[in-house]
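In what follows, structures are represented as structure tokens.
Shared between the two complexes below is chain A, which has chain B as its partner in the first and chain C in the second.
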Partner chain A sequence: MYEYDQYDQAMVDARVEEFRDQTRRRLAGELTEDQFKPLRLMNGLYLQLHAYMLRVAIPYGTLNSEQMKMLGHIARKYDRGYGHFTTRQNIQYNWIKLEDAPDILADLATVEMHAIQTSGNCIRNISSDQFAGAAADELTDPRPWAELLRQWSSFHPEFSYLPRKFKIAVIASDEDRAAMRLHDIGIQLVRNDAGELGAKFFVGGGMGRTPMIGPEIRDFVPADELIHYAEACLRVYNRYGRRDNKYKARIKILVHELGAEEYTRQVEEEFAHMKTLGLNPPVAELARITEFFQDPAYDSRARDELDLTDPDFRIWVEQNTHPHKQTGYAIANISLKPTGGIPGDASADQIDLMADLAKEYSFDELRVTHAQNIVLPHVKKSDLYALWQKLDEAGLAPPNLDLISDMIACPGLDYCSLANARSIPVAQKIGERFADIGRQKELGELKLKISGCINACGHHHAGHIGILGVDRKGVENYQLSLGGSGAEDVSLAKITGPGFDEDGIVDAVEKVTDVYLRDRTNGERFVDTYRRIGMAPFKEALYD
Partner chain B sequence: MSKTVTFNDRPASDAAPVSLEEFANASNAAAVRIEPGEDVRDLLPHLERLALVEINFPVFGDGRGYSAAQILREHGFAGELRAIGDVLVDQLAYMLRCGFDSAAPNQPLNGQAVQDALNRYPHAYQKTSGTSPISGRGPIWEIRHE
Partner chain C sequence: MNLLTGNDLKTGDVIWWAGGQNWSLHVADAQDAGDEGEAILAREEKARRVNASYIVAAEMTDKGPMPLHIKERVRASGPTVRSDLAINTDIPIVGV
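What follows is the complex of A and B.
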């Protein structure tokens, strides 16, 4: 894992003091709320329906147990004893007092954490593959590149007042576990014909009101030109992205309106200019960062066999573990989606326990996933049973990874000032309807995603089944869509037709899964069946 | 006329700026004012005779002026770069780092607050056209590999 040096620490400490001063000025009435708003947003502090919400950055979703413990401490001391892990691999606290916010940032800084640029029209936390450094299918660990980008994007003076927020994801596998093509910039690390590592750039993806899949604009950017190329992409956006309409201000609209070819031409022209300026850190800097991401000291004699005689353990292993690149190890997924729970929520005690288990079983490392779960990336197979027992005792072992109850849901109208409808109760009701794990496994991989408004924080466009909450004449109404994917088979979901009320949407989900069970052929996932048979049979079941 | 705050030792120019449109027809103008939607590259052939470029920020959240400043500096502009309009104290450090020398904000700024803001961050992660705060040194990656 990356560790701060004196320079990184000095920057974060300076930010804490700056925000302490800004908060003091606000509380003393020297700043109006209008003046304070952009300042608090640059520090991840939103004013929601009931209280301030603080979003803490977890760069590329990686943290150690000490940092995880700090997240538990904050939940306990400053919030109501829980936190909410988000689709951007961050954590949010929903009940923060403004006067506490500087102390929270100071606490975070003691463990090399912060809330810098977790909101505002700037480059947000860089996200990545939650299995980075552990997955059997990766080309290289994408996190050193993500860290290089994190530093470059932190306090960037030219790109802190962009037309709109800006999200970057970096992956290094053909399997896309980070919804890379649905980011403002998606980067896939690849090798060129000479065997050198570089970055393939996709620009202009996104969800929100106008979902778009980012087109590829360059097949290879060498390591020592990465920052130049990113600068070029951002400069064209900062200069020409629309500022007349907030809803048309994301880079996807610019790329769409210019056309990918013309946008690329402008970026290439700017890139040629950037190269003359020497803005890119030397390769020695990427090498320095990469040193922090060396493999942990695996036990080379660890055995691959696993005793699966306990049937409940077997179900969990089958569903929640993923192949590790090291023989005798597995990637263990901790589902934060218990039946009837709030997707992504964890109590302070659960956070502490996960930190302890990471220390004991996973070389002190945890990951947060964009699907709002936690990962212990390096668990010896012979430890899995003991790990599972401890997770199960704490309600942290739902064996439902990638099944219908492993839903993504935004906070919705229970918390969010933008929402038109509640997301959490819908998620809970669907979870209860499909509570039987045998039934869920029968349905197989099924990604269900719920947003409480058109801004799509719950990724409904990318759901095999997507649900969008809208306000129809003062009544919550839920639109159903089918066929989206945020993975390597990326696609945007299509709406089925008229929406449903809260109970109606639960029935509707059940009806479309019934169509799948009736019409699927061997080995087809829900989304495969939908792609083969199209919308008509589903509409017929829903509306006739 | 609002009061000009300078970030460095360069004395503020008293040249009167013309609009970019006027500049195209006024071959002797030594100062020009750029609006957010205008292409600052139009000035690149004329940098040597410009003593002052004012970059307008009609609202602080419109960040196009930062790119305009960087472009001018990257192409060798050596005159004064001044930010005008809705310039707030919390934006000054970024302006300094993009090559601005001064600001003439709509609302007057507190002198101590200006100094605090300019001296807040000891270092910078990026190489940009302006000076790095406090340390006066290059970006952090450069210091690390000196």
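What follows is the complex of A and C.
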């Protein structure tokens, strides 16, 4: 994986010292909160419902054992013994003291990590496929491109004060595991008919209060022009995106109001202009970066056979492992969704253990997924049983990947100052209602996503089943929606009708799964059945 | 009644105005600021005891002063899903 050069390290170190001074001035009363707030947000430090919250960037969700250990150290030393992995492939700490924040950033910098651009109206952490570099179905490893975009977007002077925040995802397979088309820019690496590498660009996707699927604006951008094309997309947005109304300031609104065709015309015009400026695309830098993403030293004699006589191990293998491109290896998913647990939370001890297991079994690599789980990307199949036993001992082996209990849930009103309703208790109750793993497997792939407010951090628009918590005259109320997807079959969920209270929403979820079990045909997932039979049978079960 | 709340500048802890120059982690200690809320907050923000402060509508109950809105009750109680991290698990949250 990528290692900082002298410029990367110098930038991060300088930022730590700058923030240390800013924090000192704030505590000394030399800065007001109004003056300090934008400075702390530039370093990922929010003031949330109960305390300061620090969001640490994990570029494209990739980290090594030493970095993961540092995340555990921060949870233990500066927080309350745990961290929360997020839908942006980052980690958040909920109980940070302002006076500790500079020391935390200094500790992070020792392992090439930071919290820069995890907030504010700038280009945020680049996200990607959590199976990048390991998946059997990928065209190429998207991470060098994600890293190139990270470097390009870090402290980019032109894009530090955009109309609104900006999120980019890069994938390189037809299966979309990164909700790519629900990003401001979604990039899919592809090959053209001549076999040359390039990228499809999708611009103007997003969730939030106005969910939109990003339209394709270019089917092939040559690889060496990818950064320039992204820059052209940003330039048009920066010039014409609305700054008068934050609810209409995302690029999706601009693309929608201009129309994809007109937006594309303007991007192409800007792109053509940029080519005349003589700014060479950073091909040499890409080559340097790519060197960091070579395959690890796989054992070419590793065998594909697995002993699955232990029935619990068999269930975990079937559900939580994914095909690897290398014979004799598997991608192992660690679910952070135990029954009754808090989706995405991991204790400091669990974080440490996952770091140790990555070192022992996965060439020192881990990934964070947008579904709030952890991945060990390169595990020899002959090591899977030992790995599973150690995960199970630590409560890290729920065999529920992509099942109903593998929910995405935002922190909700239990932690977030923007939330209108609690998400986590609903997730816990649904998890308990469907605790039986046999029942979950009977339901098959079912993506359930819960947001505690209209900002949709819990991706409810993209849930096969989505739940949105709202405030109805001071009381929590939950709207149910069906039919969304963040995958390659991307779609936006539709609301079923009037909302439910906290217990009612759990019953409602059960009712719609009963309709699915009753009406499905062979091989249909929940979302397939919904798409075939429509909303009516579900509404009938819910409201008649 | 009107309570005053905000976050401790250094630690970020949720705190409640308890009269004079005193702030408490416990809403039970909160005092009614009456119509003086804005003036008290201006003074206390300047003294750097509290950050991001504001006035909260509340009522007196048999458990002491209680914010009316669920969000403020969650702030007063701590996360409802981590009783080990809660300040006060007696604060009613649901159906208020």
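In this text, the second predicted complex is superposed on the first by the 540 of 544 C-alpha atoms of A that agree within 3 Å, B and C clash if a C-alpha of one lies under 4 Å from a C-alpha of the other, contacts with A are read in each partner's own complex, and residues count from 1 in each chain.
One rule holds for everything that comes next: a contact is a pair of C-beta atoms (placed from the backbone, for glycine too) under 8 Å apart; a residue touches a chain by one contact, two chains touch by 3 or more.
The structure presented is a predicted model; accordingly, all values stated were derived computationally and were not measured.
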item	value
Which superposed partner A:47 touches (first chain B, second chain C, both, neither)	second
Touched partner set for A:247, first chain B, second chain C, both or neither	neither
Which superposed partner A:502 touches (first chain B, second chain C, both, neither)	second
First, second, both or neither for A:543, with chain B first and chain C second	neither
Chain B versus chain C as contact partner of A:292, first or second or both or neither	neither
More chain A residues in contact - chain B or chain C	B
Chain B versus chain C as contact partner of A:96, first or second or both or neither	second
Interface residues, chain B side, partner chain A - complex	36, 60-64, 66-67, 70, 74, 88, 90-91, 93-95, 97-98, 116, 120-128, 130, 139-145
Contact set on chain C toward chain A in their complex	7, 9-14, 45, 48, 51-52, 68-71, 74-75, 78-82, 85, 94-96
Residue ranges of chain A in contact with chain B within the complex	5, 7-8, 10-11, 14, 17-18, 21-22, 35, 38-39, 121, 151-152, 154-162, 235, 238-239, 243, 273, 277-279, 281-282, 284-285, 288
Complex contacts: residues of chain A adjacent to chain C	26-27, 29, 33, 47, 49-52, 80, 95-99, 342, 413-415, 417, 419, 422, 424-425, 428, 471, 474-476, 502
